[in-house]
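Shared between the two complexes below is chain A, which has chain B as its partner in the first and chain C in the second.
After this line comes the complex of A and B, so read on.
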């Protein structure tokens, strides 16, 4: 499949999106709601490009559009820039405090938005791109959060805006958020340590590291990780820092030759794998 | 009505509706519509039961139930009055009709009367512009409405209520 990207003839797999082809070929297209780990959604409209076939040309979102044979795709025409400027001006009106949006807006020559309601700068950070929802649905598979309501009331929340028992406090939503709209806070000093998903009305209990006693993850997360990577939950009882420390200590006491090290490591991993499989089937 | 019997009523309504649909996520909207029709709103316990029954995650059910205007998570009246405010009705005095209905029933737009008999809602267009100004009560359309006809129209529902 051949199409032209900014005047260059480029081969693409059928069904591959313009965005993916462009990235492979070193052509920059700005995005907010795209992440390789989750399905594209076309929510932010920043990745728009201009597609011409024959006489007609139109604006499409490159994260969803798979080019047809002989399409001419332009990623930085005046028409494209105009659409992106409008999108950014709207985003800037909603989220004037988000650094990433201000940087993008500045890159497109926008210092301030015309669209303000006179109520003073909004503290809103969420652009409703839905990356958090998609990572929770598709990668973590817990379905703890979603969009709710519509129009100007649209928001990201848990079912019924209350404690979501589906949430395992993994923090994937917090990390994938491009604008820093989601946070969690750990309360390690409590008798029962907790992770508070601040914007999501949800608290998840944490357990302490078997070595250093730091509260670092939830039992539900252990169970989830243990299932998805096939490691017994006991391996996860120590926090990542203590795990590497004890691993380094063992290695220092008994420095193996490089091939032996590789073999030993492979063996432990494989035996763990086998053990967990046996455990499951018994 | 106490909480227990209310829950039992919701539960049996939802069970009945679920029985008419295949147990699959694609049934979601149909089920929500039928439950809304029967209970006049979608209580949380109903949504939880629907999520469970159709194997749809709760977040998805909440997403759909809060998205569409046809669904309400708070109790609606036994009758819904839609007041058309489309272009034709607007020109023919929909504003006066809305005011008259709201003052007669002592409700605001989107609100429910104290006795739970009516919910009043303005809508963009009912699609019957030749009847302007129009209102729709439940599924019945009333065309060329004038404020003084309202008592007669609403009276029908009041009588049915008290009968």
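After this line comes the complex of A and C, so read on.
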């Protein structure tokens, strides 16, 4: 499959998106609602590109669009920049305090939004990219959070805005959030230590590390991880720091077989995610 | 049970004989519009008196014939005289109507049109009602071919609406129904059906105007373990009700269209997605599906062809965006009705990831007659690019409002002036808004343009699903754009940034202009925002949401400027920019204004000219309505 990307002829796998091909070929396209760990959604429209086939040319989101044979794709035309600039100006009006949005806007020459005159400062941080919902659904598999309401009232929340029993307090949503709209707070000193998912109306009990005694994860998370990577919950009773210490000690004495080692070291979803997020941003 | 085309013809002929055999039949228009006008009470009154007086009339309900300004409507088939349509009927008219009908006479006071025969479109036959000597009072009633409102119309989609009883499968069959399905399933190969639809030039009536035959072909050719067809009866445009009327008045026409389409495409299951707010349409559709199943017209081995097809009814969640095809599919699947980016189009990957063909109610309803009458007949109507007819809901300031069906290519002027009868109360025409909330406005200078997909688009408006709002000089174009943006902002699903945030900011900007806070730079901002929303939105809701602004800015920019630069609303609509003033010479000091003013802004001494305190005035306009001497004017 051949198409042209900014005038260069490029081969792509059928079904591969413009964004993915562009990244492989060192062409930068800004994104906000895209993350390799989850399926694309097309919500932010920052990644738009211009596609021409024959006489017609149109704007599509590159995170979703798989080019057809002989498409001419351009990633930085004036028409494309106009859409991106407006998207950023609109987001800046919504989330004026979010550093990421301010940086992106500045990169497109926008210092302030023309839409906010007279309005009080907005503390809104969520851009509704939906990454948190998708990571909880697709990666963690818990469906603890979702979009509620329509239009400008759309928001991220739990069912009926109350305690989500599906939530295991893994924090994947907090980590994937590009704007710092979600937080959790641990209360390790309580008699029953808890993790509070601040914006999500949810509290999850924490257990203490079997070695150092630090409250570090929920029983539900243990169960979830132990089931999905098939290791006994007891292996997980120690916090990651203590666990790697003890693994190192055991391994030094008695090197385990490769598969057993891999299984024992099976990364939690959190660390998988963290790794992928770090790769992205570096 | 109807298992063969021969049985269908036998059924048709026997009901036909019964239908035209000289019984006195009374039909009340009982679609939602008729019911809102009080048809339910009329129907009861007619039934009661019919029984009480032993008249022996055959009383039934029918759908809407489109003339909503004449509701409630009663049709009487008078033996020997034809079918007579009575308009604006009240319960107090019933006694006289029935008495005169019993004597074979006409209730002249309310008779508006008559038919001496019915043209059965499906098999192009003209069947006369029993003929006798036409009574002089009948002769005075104009025939349908001369009656204003009706005479300029050509009815294909509305062929049966307001004539047959929508709860009767027999009557649909008597009027040629299911002959198209019989022909397609027993005489044509699926490819032939697709070919016929392609050659007919039929294009989607749901908004996009995509060629129907090509869409069917793409779906048929797509790979998939199963295929589906869907009828889109979401109809979320405020003020538009052509789809509702077709379902309520002629539900079997949709089922028949879907049978033909499913056969052509290779689908065995179809869905009708009807909005929750249409309870009567849901009921009629449900009954029609049951009747078709009981008659063997749905189910296994239809017409002995070996083809199986079933229809399920799915109720919409009542959101405008659920009418968008990918949102609609998500909604049938039980998910939130949020659109997704196309491609892939539903024809490749639709319901449950399978190839799916989705068409509008009116599109499906056109299919059976194209099959019976042929592509050549259909394509002889209309313009080179737009074939057949289109139903519009004509509303607003026209004298005659309702559903009108005209051939493509009819001029807008003919629709507004001939059918609509021009502007109410001697007002002056200003613009025609077409295409629903995300359509555009067409000013008087372009009224001679023909209605077809391309022309409307080139004028910055669109065909949409067929909304048409007539506006007169008392309409403020900025306020009108604001009104539609307010609707679209509420209906945006909120998934993508340009639409969710853009409709909000566009509305805020328009409100600022209407409220006298407009600034010159707002015009460029609106233009820039329009462009980015049109280009950048994920689905066509956001993509077309700027249309009301773009088209009014294009044709009526001076009106925006008057609001911004002179703080003046030329149509005198925007409350912040108008003042109520007393014309001292005309004021008699009667005090009517002071009595009605809810905020005590109108005041004065008895018999002396009154005044209005504009600081207190809320611009409700009650004083101007109350003044008998026209002494209060808007400035």
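What we mean here is this: the second predicted complex is superposed on the first by the 246 of 282 C-alpha atoms of A that agree within 3 Å, B and C clash if a C-alpha of one lies under 4 Å from a C-alpha of the other, contacts with A are read in each partner's own complex, and residues count from 1 in each chain.
Going forward, a residue touches a chain if its C-beta (ideal position, glycine included) is under 8 Å from a C-beta of that chain, and two chains touch if they have at least 3 such contacts.
Everything numeric in this text was worked out from a predicted model, so none of it was measured.
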*Combined model on chain A where chain B meets chain C, clash or fit*: clash
_Which of chain B and chain C A:149 touches, first, second, both or neither_ = both
*asked:* Which partner chains sit in contact with A:125 here, chain B, chain C, both or neither? Use first/second/both/neither.
replied: neither
*Does the superposition put A:48 against chain B (first), chain C (second), both, or neither?*
second
*Now for A:224: first (chain B), second (chain C), both, or neither, which partner does it touch?*
neither
*Please work out whether A:203 is in contact with chain B alone, chain C alone, both, or neither, and reply first, second, both or neither.*
neither
_As a test of reading the superposition: which chain, chain B or chain C, is in touch with more residues of chain A?_
C
_Partner chain(s) touched by A:91 [first = chain B, second = chain C, both, neither]_ = second
*Which of the two partners, first being chain B and second being chain C, lies in contact with A:195: first, second, both, or neither?*
neither
*Does chain B (first) or chain C (second) touch A:82, or do both, or does neither?*
second
_In the overlay, one of 235-243, 253-261, 343-351 or 559-567 from chain C clashes with chain B and the rest don't. Which one?_
235-243
*What is the shared patch of chain A, the residues that chain B and chain C both contact?*
147, 149-150
*Name, in rising order, each residue of chain C that touches chain A in their complex.*
319, 321, 336, 338, 340-341, 343, 489-498, 500-505, 508-509, 521, 525, 528-529, 531-533, 535-538
*In the complex, go through chain B and note every residue touching chain A.*
44, 47, 57-63, 66-67
*Sort out for me which residues of chain A touch chain C in the complex.*
41-46, 48, 59-61, 64-66, 79, 82-83, 85-87, 90-91, 93-94, 114-115, 127-128, 130, 147, 149-154
_Of chain A, residues touching chain B in the complex_ = 133, 137, 143-150, 157-160, 164, 166
